[in-house]
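Order of writing sets the labels: A, B, C, D and E. Residues in every chain begin at 1.
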Amino acid sequence: KPQRNTGGTVPDKPSTAVTINILDVAGDLQLTQGMIDEFVSHHHDQIAKVTYAKATAPELVGKIKAQQNAGRVDIDLVLTGVDGLAAGIDQGLWTRLLPAYANRLSGMNDYLPGAAAMQELAGDYGVTVTYYPSGPLIEYLPTNVPNPPKTPADLLTYARANPGAVQYARPSNSGPGRTFLMGLPYLLGDSDPKDPINGWAKTWDYLSELNKYVTLYPSGTTETMKNLANGSAKIIASTTGWDINPRVLGTVPKEAAIGTLQGFHWVTDAHYAVIPKGVDVDEQAAIRNLLADMLTPAQQAKAYDKGYFYPGPAIKDVPLSMAPQESRQALGEFGRPEYDQLIADNPTEVPLDAKALVAAFDRWDREIGGAKVTK
Amino acid sequence: MTAISVARPRTRRRLAASPGAWLVWGAVTFFFVMLAGVIGSVVVSSFGSHWFDTWLPQGWTTQWYRQAWQEFTLFDVLVVTVEVSLLVVGISVLVGVPASYVLARRSFPGRRLLYLLFLLPILMPPITYGIPLATVLYKYGFAGNMSGVVMANLVPSVPFVILTMTPFIEQVDPAIERAARMCGARTWQVFLRILAPLLIPGILAASILVLVRTVGMFELTFLTAGPDSQTLVVALYYTMSAAGIRAQQSIDAMAVVYTSMMLILLVVALRFVNPTQLVARVKEEPE
Amino acid sequence: MTPDRPAWRHRLAERGIDRQLLLLLPALLAVLLLFIYPFGYGLGLSFQPDHGGVLGAYRDFFTDAYQRDTIGTTLRLSLPAALLNVMASVPIAYRMRGRFRGKRTLTIVLVVPITLGTVLTAEGLLNFLGPTGWFNRTLMAAGLTDTPLRLTNNYWGVFLSLVITGFPFAFLLILSYLSGIDPTLERAAATLGAGWWPRFHRITLPLLAPGLATTFCLTFVLAFSVFPSAVLVGDPAGATRVISIAAYHAAYETYDYPLASAIAVVMGAVELAVVAAVLGLRSLFYTGSTGGKG
Amino acid sequence: MTAFRQLRLDGVTRRFGDRAALSGLSLTIDRGEFIALLGPSGCGKSTALNCLAGLLPLSAGGIWQDDQRLDTLPPERRGFGMVFQSYALFPHLSVRRNVAFGLQMRRLPRADVRRRTDEAIRLVRLEEHATKLPAQLSGGQQQRVAIARAVVLEPSLVLMDEPLSNLDAKLRLEMRTEIRRLHQSLGLTTVYVTHDQEEALSMADRLVVLREGRVQQVGTPEELHTRPANRHVADFMGYRNLLPLRVTGTHGGLVAVEGPGLTLRGTPAVPLSAGDRVVAAIRPEDLRPGDDGVPVTVEVVEYQGREVAVEARTDQGVPVHVRAVDRPAPGDKITVRADPARVLVFPEEAS
Amino acid sequence: MTAFRQLRLDGVTRRFGDRAALSGLSLTIDRGEFIALLGPSGCGKSTALNCLAGLLPLSAGGIWQDDQRLDTLPPERRGFGMVFQSYALFPHLSVRRNVAFGLQMRRLPRADVRRRTDEAIRLVRLEEHATKLPAQLSGGQQQRVAIARAVVLEPSLVLMDEPLSNLDAKLRLEMRTEIRRLHQSLGLTTVYVTHDQEEALSMADRLVVLREGRVQQVGTPEELHTRPANRHVADFMGYRNLLPLRVTGTHGGLVAVEGPGLTLRGTPAVPLSAGDRVVAAIRPEDLRPGDDGVPVTVEVVEYQGREVAVEARTDQGVPVHVRAVDRPAPGDKITVRADPARVLVFPEEAS
């Protein structure tokens, strides 16, 4: 590579076609790799080659830090969830993408309200590329649970009557687990749903009461899904994506049903694109153009996938009918028409910020998960 | 008591052996049964399409393997993994065995201190030194490609070889080395022609263990790997703990791929050398 | 022919210093360059927390029972597991010294679990020992129990995974250490009237002691740093909240690197204490040629 | 174990691969006997001892102790003591603890162990070295530890595999006497392997000569020395001159034999008749320079203390070994003669 | 390495802990010499050899080869060959490859290696066993491999540590001759450790007698045999009768000595005068039954081939060792006498 130019103005287009190394720490490529590949195939003059690498969010920071400390950043684009995004902001790893050149990312004006709220979390450092309202939902097999609980109190009663039947995974290892955790304050009417330490009195009481009838907290959502399928768990926490996709994959019986608890708020989730500091301006230019393309409806429709992040698109007016054939078929068979209504009728909330979330995990680990030790 | 020299039933002694023998073989059998269950359930699951509350899956498929193969460009990853692990094993044996030789054979001031120094990298979790190590390697242009991955993995591997080989070398009669020297062999020749063959079981054991550790070493590999120097464990680690939805079966499939690769490496290694009784074997009771 | 220099050299040689020590150099360089500097950096980091002064991170760790108890939790897991691995390997390896048909195959099969890796082991344990896994199905089909046994997502799951991954490791090492002991010695003991047990514990065991100590240390260290299986098959918030989970939490969830380094250093120190105790015991035993290769 | 009356080896055979290291050894050993196994290197002596000790399984044959079949018992149940050719000392135990090992195995009281150990160590003159490890001992010292370790048990049968091979002549003589003394005073039964005829002759009650795994002769020292059963035994018993000749006639108990440039009279081992091809065996010390005899040319002269060993050649080039008191020089021509009673004549094919 | 003219040991000392296993060994070895180191077990023979080979660092002293200081060179640079007392064969290599090892180290052409290896194996009579591993060989066979491995290199200096101790008499004699032959035909210089005086006497040009790490005497075989320097050397050289006596008078070159029930005449090793406490040293074979002499009672009779060894006691209880041709019975009373020329008289304190 010639001498790097990491500061200064970002040109409209790279001077020569560049190679982009993308690191995905959120599982986002499942949704967006198609978009990227298509852009690359049409813009050989900008991007000669893309390499994909995948990793988990926690290790991301260390790796970028090591590269930045050494002055050799070779990761050009990171696709991350809220956790990685926040950690990077906190550690000062990301290039400020906005507001400069905001005009190049016109798609950002078309964000869905929920997605726009999620974009707030990114400040000027990231661009929301996919979005979904997530949960909390409960999932069960109708044959095992003919009368699913309708309220948090019902759920508690059910758990009391069927010890071990209610399951949610350890929140720090599980999307549905943490969605359930973050959704409870809204359901129970806690004083400050954004402050797990001082504002969640009812939630913590509820969880410790529930804890008495929960025999185990699996270390991942997959396992709760497996337990639901094999009958060792009757009701588990879930989200829209975790409801549809596993049934498509066949890990959960197709007939599994979802339920909601009365008065719930959606706790939304999104994936972001960020650029580490130290990336050459030519590459930045290419990435900006790529992101701009990804935020067009035609590309966003690919985010429907097979319900992995249902619905998935971050911008308005991307109906399922625009999605690729495969998506439409999968969602036609496994999708749930009632989601449209649920999404429309229930308020959405952004998740906790990273610090508060970690504090909530910590408290959960100590008081709920860890309480088992002394028993 | 006539002089019938019928061949003595050979198994008698072994069968009549203490109940201890039965206990041991019983425990081994139990271990095998459990092992078969553990491995079997994963393999079966990785080929199953739906497996709920039944003895066996409802249908069979290879889609999980196909998916993993494509999603992670597994072929390239496997090649890199094999290259990295062989390099790490080779270098750490070359560097570690001479050092353990000195530690085993000589007593010199500071020997204990040195032993401790070699112990530390195994004791210290990579968290303490992983990031600064990666920084150093990036700074000098090693990280981001295979050389960095290899170097980072040497950190725990070299001491590992040293620790396992030291007691081994202590067992070899020093007179044999002296004899080799009297035959005019230089130090490296003594190593190559005399010690190495005698130490083969130990070197093999150490290599296999280093190999396993290297293939399974996530942190250091991830921190120093570039886009085209990822190893299998990075992919495996991803399927296992990344955010998002993965079918249980695809994790199982990746685990099976990982294990198969290790198994192939192991069997290849064991084809070349038997880990047991290479030298002392001839002194054993022959059948 | 300067008279001084050679005499000086002899004197050094008698104390064990000569050119052969150069063989240490590559390993020493590797460790110094690739480990000592980065480690020193990490160590330094552990003394530079955001708050609480130089020892703040350590104080945070030790004053919080939830954090501090992880040491005990980890030891409770790793010591028995390492001990079991070593103690089970010894009789098996000992039995496998004789020649018999199928020995090589048996060895390979015993060593196979080494290739499993944590993930397959964890998945396998969850599948096999889970509430509706084959194991519990068999037990229930045989009428041995009515409700499934809980063997996963608790202490036993992690313990079993440590045994499955640690045993072949210990076995392989011990088997090769055993092969280095001259079988004639045991025969000599037999002619002196020693039955198998005295032969074993008076002759073989002391000669094997250095190898046993090393094996124990290595398996212990591996078990002590258990992380993935403590999360996957354990109860990571409770019974199997091992120290590496605490370190991971600090490093990768709260990004508190000083605390993470401090925990890692504590981890190393505890391991070092155990290893030093074991190696101290080892030095009581004979460490020299065991005649097997001579 | 308890004392026995008789130990019977019956066709004891041991094969390595398809080569028999020992074939069909049959022998009855009475209690209190001192048996020496003698034979050239590699003839199967150690193999025989190992079979007896139970360290090698037999390929065929059996071993009985009185009425009890022994060959199926493991070594530790046979109660024999053994000195290994390679010593096989426990490298991690001091001299004292090596020697005490067997006693401790028998669970003797502490004081007894101590006393008997000290005694055995004194016996082999290692008092000064009692706390050393085997690796710190010289070869001969190690060998002595091995002896002490075996005899301290006072076992019913002691097996010794070249126990004195690394000792100097003086010590060897002393140790010989000690071993004999122990043998007698403790009423042991001893099977003793040695490559040294002199040792065997001086110590044993009976000797067993092996060659390539087969017994050649069993007999008292005197029988073996004066009446070897065949040319191989003769060869091994020090009849260094083995002259291929032909019988020309018999005279009473003697035969006349002749070869290129040589005419001798000797004692036939089996009845012989004129014309038979034979081998005449004569010890160097029986072939003395004398007036009438075979003329030979001196080639090599070796000093051997009081006498010299002379290697000479007849005019026809047959090499002969002669002992002489005065010292001839290489190139000297001398004549040698032998007493017909000391010239043994064996048929050539005997083996 | 290249041939040398002289090898000089200068005060070579080796301590283990605070005990000197070898102290102040000074010796000059000429090229082509055959030196034997002789001495009782544990006297430092192997230590001396190891120091010379470079396997043990010296505690003091130096070794020079002509003008080059040798003791700082590592063993492989000295170019010596060595036969180890414990054989130290490479357990993983066949006999052939054990022997070939040194040649391969010298990077000789394949064909040469093969030829010389075969030759050496033939020399030690192991053709049949060439493909076996050491553990499959008998003790004596292993020892022969060790010899072949050392001599195949034709090194400038060969060090042999009791190379024949495990061979039977016949083979030992043959090997002795072979080793001498090799020594002469290849022009080797040899330092040979043995515990066997006879071997040393018959093979070596010069002998070095050690005792507790110190040189007692250096000399030709004949010097040592007939004129041992002190009572320890005499003892070691087979003068088994060491009688503590007192000088009663001198007669020309001879002295008269007397003790309880004993009167003898002998040759003094140093000037002595009446009243001195002395030790008279006599070999058993020089103490013969005769008419006038010391009356003794036979106690033990050992058969030793042509002669018998007799252990007897004077009336005052002094034990004497005698050789006899006819065989007295225990309890017999005989008289023994010795030629004064063969009775050596040493002052008692000499050591």
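Methods note: a contact is a pair of C-beta atoms (placed from the backbone, for glycine too) under 8 Å apart; a residue touches a chain by one contact, two chains touch by 3 or more.
Treat the numbers as computed from the prediction; the structure is a model and nothing was measured.
In terms of the stated touch criterion, the partners common to chain A and chain B are C, listed by label.
When chain centres are set by their Cα atoms, the one at the greatest distance from chain D is A. Look at where the CA atoms of chain C average out and do the same for chain D: the two points lie 54 Å apart. Chain B and chain E have CA centres that are 53 Å apart. Distance between chain D and chain E, defined via averaged C-alpha coordinates, is recorded as 22 Å. Here the spacing of chain A and chain E, counted between their Cα centres, is 90 Å. Shared interface positions of chain D, i.e. residues touching 2 or more other chains, are given as 16, 74, 86. Within chain A, contacts with two or more other chains are made by residues 59, 62, 173, 220, 223, 226, 230-231. Residues of chain C in contact with at least two other chains: 132, 182, 184, 232, 248, 251, 288-291, 293-294. Here chain E touches chain D in the complex through residues 16, 38-42, 45-46, 85-86, 129, 136-141, 143-144, 161-162, 165-173, 177, 195-198, 201-203, 221-222, 225, 235-236, 238, 240, 283, 285, 302-306, 309, going by the rule given at the top.
For chain B in complex with chain A, the touching residues are 49-53, 72, 130-132, 134-139, 141, 143-144, 219, 222-223, 225-228, 230, 234-235, 237-238, 241-249, 251.
Contact residues on chain C toward chain B in their complex (touch as defined above): 15-17, 20-21, 23-24, 26-28, 30-31, 34-39, 41-43, 46, 88, 91-92, 95-100, 103-104, 106-121, 123-125, 127-128, 132-135, 137, 164, 167, 169, 172-173, 175-177, 179-184, 196, 210-211, 213-214, 217-218, 221, 225, 228, 232, 244, 247-248, 251, 257, 260-261, 263-265, 267-268, 271-272, 275, 287-294. Chain contact summary for the complex, chain E toward chain B: residues 53-55, 74-76, 79-82, 84, 86, 88-92, 101-102, 105-106, 133, 135-136, 149-150, 153, 159.
Note for the complex: chain B touches chain E at residues 173, 175-176, 178-186, 189, 193-194, 197-198, 278-279, 282-283.
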